[in-house]
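Paired with subunit B in one complex and with subunit C in the other, subunit A is shared by the two complexes that follow.
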Partner chain A sequence: MTDAASIVLPNMAARRVAGTVRAIVRTLLFVLIIVWSAFPILYVVLSSFKQQKEIFKYPPDIIFTPTFEHYMALATKWTGFFPTMANSLIVAVGATLLACAASILSGFVYSRYANRFLAGSVLYLIAIRLLPPIVVTLPLFPVVDALKLSDTHIVLIVLYATFWVSLCTMIMKTFIDKIPRTLDEAAVVDGATTMQTLFRVIMPLALQGVAACAIFVFVFSWNEYLFALIFTTQHAKTAPLIISEVMDAVSGTNWGVLFAGVTVQLLPVTLLVMLAQRFLIAGLTAGSVKG
Partner chain B sequence: MRRLNPAAILMLVPTHLLLLVVIALPSIYVFWLSLNESTYGSDLTFVGLDNYVTVLTSSYFWRAALNTLIVVNAVVYIELLIAIGMAALFLGGVRYPKIMFAIVLMPYAISEVVGVLVWKIMLNSGSGVLARTIESLGFGMFNWSVSPPLALSVVTLISIWHHLPFTFLLIYAGMLAIPKSLYEAARIDGATPWQEFWRITLPLTIPAILISLIFRFVFAFRLFSEVWLLTAGGPARLTEVLAVYLYQSGFKYGEFGTASATGWLMVIGSLGVASIYLWAMHRRMLKGND
Partner chain C sequence: MVAINIDRFVKRYGALEVVHDISFDIEEGEFLVLVGPSGCGKSTILRMVAGLEEISGGELRMQGVRVNELSPKERQVAMVFQDYALYPHMSVEQNIGFSLELARVPKAEREAQVKRVADILQIGHLLERRPRELSGGQRQRVAIGRAMVRKPQLFLFDEPLSNLDAKLRAEMRGQIKRLHQTLKTTSMYVTHDQLEAMTLADRIICLFDGHIAQMGTPHDLFDRPANVFVAEFIGSPTMNIVPITASKAEGRTVLTLAGGGEVSLPDGTALPSLTNDGNVLAGIRPEHLSDTPTPGATARIEGVIDMLEPLGSDILVTMQVGGATLTARCTDKGQFQAGQNLTLHFDPARLHLFDSKTQMRLG
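Right after this comes the complex of A and B.
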């Protein structure tokens, strides 16, 4: 406080009041942000532990005796639910592995090699992921059917991986760009092959990028709806799809069970996102801001 | 920089094969489909631009296009304003930053299906916790299921809720990159926080704002699940957006030709926005390579 204004006493008091007001407003805004972000999710999670008759009570109870009956019913009454969770897991893990493997390889090439084709195809990589995904479902639908791949995990794995492989390539390129070239040159002098250089020298230093890509693809695949709606009917049906079906058919006493299922679906990936925020933020800035 | 050799080309194969087979070739084939008449189990018949005529003279298409235009613009700009406000708030200092970021990121982790489900239940007229609060404040029945403008507002709300974490992070990262020395200099000159925001923070965040704007425009354009799950385009196809219109004509009515024509019109619309982005990125890349 060295400026002229604060030397005058009444002004200083006014400033102090203004400062307090600002602090209160700021705190209120943070509370608002917390409510906006967390309330809808907490509402479902809390409701899943409420007695059926308490779920739609208004105003809702914040403190109540939790019941686990809906979770019991989830296993016994809603038998279709857990198989779709298994499908979601298979598809999400598969897509994550495929997208990461492909983009580690291509990200390395884009970072370390120079060529006119490469420079041009960077634009292609960015442009292609701007296409609305629903457009490709029309020609793919009969092809997938003819190949007998309809309603299989493979279709979803390939689709999900493809829609992320270009962004993940750019993320990996950005992370590998930061690793000094002298390291791989030294490895080559020591007689390492390209693959050895990539996996022994580069990869350990680019793990943060791999983590970022993995989280993006996993969260997307775990939650995706449109492709699952079009390409799966029964065997490969994922959890979001069955939730959407039940949501329209649910009545009377089944809301609690639906909420329990939704909680089981959202909790693992919400915790993953909350705990892995560092990788997410790093990946986001690498993939979009830097290009 | 090494010259491209066969080993390196081999390493590019998985990525480019996936993109070629799943996105590039199908999008080209969609164009061919859009020039033909086709439905389940029938051969293609070349009809020229007939499908485009059908689509462009359909009142449902124009309704969907108008809805898309309104919702996408509302989503993108409201989301951007909230994100800028939030980022400025966070920039001014935040207690327990890790916990706060974790909470802000929560909607990002939620499936569109679950997002729609939760908001639908909370806003269900007569029983939902938010709807009853709105109704008890004397605004009348919050009956969005029979009112297309209200239904599209709910779609906008859910979409903003879902994507705000993404936009917020982009803008916040942009603001964090502003050199601290600028603020110190401004403070010595006696600038108020308000002046700091308008004279330093906002102008220097413009690049990040532009990038997130174009990003969000392109992605918001795809809007499907929120509408499909909330209203399925109803009542009377009044709340359809372009992706829902495409889905209806392709997968409900089996008219692949008109659906493909819609698809290509969407691609053209998307590329219109994207070309601005690509142009900016290309300039940035050229600068980076010098």
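Right after this comes the complex of A and C.
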């Protein structure tokens, strides 16, 4: 008995120390990552409330009297900014809805049906994403022009959605694959049509996937610059274009206004991600089928 | 009256044929059980009847009408799945009422129907819960409720009890039996558990590798198994089956075991005509072997006790005799000891003989 204890104890102590060291290292790494990723955001947000001359002071002040002058300037001098935010919102919401709707349908098909055509088209779906966007953009220009879609919300909505539908399809397929097929069968026996099965049974259980897709598409569409620059001029212009104009102003970059613009630009995506998180966490399929 | 005709069913997956030309009928109100080992095609046949699996060959008729091309809904079947397949995002009430909702039954009537079913199954107090908040037995009841609420023409069960523990399984088995006695809905029930088949069935179809091994009442299968497969599959503990040689000596029939042991049959025992020069397989159920002679003419067999497995009031006695192993189920009065010599008695009428090559029943 004592023998066993004397063998076990040092071992246990060593293990406990090792466990503590691991926990400390893990915490440090965690803090480092948070600082690393949060620092630029914090820097931008704080700076947007500082006087112009305080922004580049070194070392930076943590405590200062906030000012809203850059936000006022953004609203009065860069009158395009807030209307373009509305455009950004229309385009981002539109693209998100379109991409999600398409991906739910196609993800369901890829998950539940199999044939040679479908197997082949998976490769094609992925391959098209490998091209640099600019390669796709330029040949599109005359097409968009001919369709009289230049400088409309629709062109950006369709482009952004198309750009993401392949990846979102794969995401939805992965999520739907995890839903047991007996649920589909139970629905069919209960008298559901394929569409009813998809929307009443499958989709509510794949909401995590939908939320993930929505975040990807929304954040991308909200921040996208290249397509917006090429295909919009006035009417459908989005907010990132204005932010870049602030940066490239002939009078030199007004950093305070730039930071204010970026801060405003950050708000909706932050809200969306926080909202979508609810779906990302919940494990909804638990308890449906056994084993 | 015949409710369902299964006429020459064939199922192929590509080049692989898993159900071979199977035909049987189900009577109106009958409880038919498909039983057989894993992979023999029970679920496949059930799913072909349900409309979840395409019928590769043959015809399914309900009330005399071909329904091969109809959807499960149009066939008016309801199914209870092995893994329950409850909708996890819906409450118990919504789960049970889903089919009615799809059929656009008005809300008030739907609620009344759900309540009726829930009361029968004693899950009325669980209606607000989600499936994950239920125990296994409760989930099973919800699954049955979901099938019942539609008042189907045909109930299909695919191993509905196999996920439950032994005690709950026995309880639910009783519930299903009682339910069928009340509702009298034609039912087709798949299981690999022979006990479930024996207790529930009006009629059993025993499947082997996509073929029907035997079809009949539980008594038919138990008392007159058509072949070695059914003999071994039905009944627990398993029937003793040993190779023997039957010969006539001085007008009496003597059965010789492969290892030299002998079974003496009483005078005047009539055996069916034997094949392969009397080299046949003999089968006797453990419960038909007894350590005390019963009145009348009994057959005897002598050996040495090898192992004892007490079951409470009964005991399983395993005996070595002439190279063969026999198990007997006897009343336990503490009379047995391993290593003892033992004489077992049985009624020759309980003896089953099978052809050693074709494995088919003789006589």
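Here is the rule we go by: the second predicted complex is superposed on the first by the 227 of 291 C-alpha atoms of A that agree within 3 Å, B and C clash if a C-alpha of one lies under 4 Å from a C-alpha of the other, contacts with A are read in each partner's own complex, and residues count from 1 in each chain.
Throughout what follows, a contact is a pair of C-beta atoms (placed from the backbone, for glycine too) under 8 Å apart; a residue touches a chain by one contact, two chains touch by 3 or more.
Just so you know, these numbers come straight off a predicted model, no measurement behind them.
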* Asked: Of the partners subunit B and subunit C, which touch A:167 in the superposed model: first, second, both, neither?
  -> neither
* Between subunit B (first) and subunit C (second), which does A:269 come into contact with in this model arrangement: first, second, both, or neither? -> first
* First, second, both or neither for A:26, with subunit B first and subunit C second -> first
* Which partner does A:180 contact after superposing on A: first (subunit B), second (subunit C), both, neither? -> second
* Between subunit B (first) and subunit C (second), which, if any, makes contact with A:202: first, second, both or neither? -> neither
* To do: Figure out whether A:189 sits in contact with subunit B (first) or subunit C (second), or with both, or with neither.
  => second
* **Which partner reaches more residues of subunit A (counting touched residues only), subunit B or subunit C** => B
* Asked: Shared contact residues on subunit A for subunit B and subunit C?
  -> 284-285, 288-289, 291
* Touch list for subunit A against partner subunit B, complex -> 3-5, 22, 26, 29-30, 33-34, 36-38, 40-41, 43-44, 56, 58-60, 101-103, 105-106, 108-109, 112-115, 117-119, 121-123, 125-141, 158-159, 161-163, 165-166, 169, 194-195, 219, 222-226, 230, 239-241, 243-244, 247, 258, 262, 265-266, 269-270, 272-275, 277, 280-281, 284-285, 288-289, 291
* In the complex, subunit A residues that touch subunit C -> 180, 182-183, 185-192, 196, 200-201, 204-205, 284-291
* Structure fact -> Interface with subunit A, subunit C side, in the complex: residues 50-52, 71-73, 77-79, 81, 83-89, 98-99, 102-103, 130-134, 136, 139, 146, 150, 163
* Write out the stretch or stretches of subunit B touching subunit A in their complex. => 1-4, 7-8, 11-12, 14-16, 18-19, 22-24, 26-27, 29-30, 33, 86, 89, 92, 94, 98, 100-115, 117-122, 127, 129, 132, 161, 165-166, 169-170, 173-174, 190, 193, 208, 211-212, 215, 218, 221-222, 224-225, 229, 243, 246-247, 250-251, 256, 259-260, 263-264, 266-267, 270-271, 274, 277-278, 281-282, 284-285
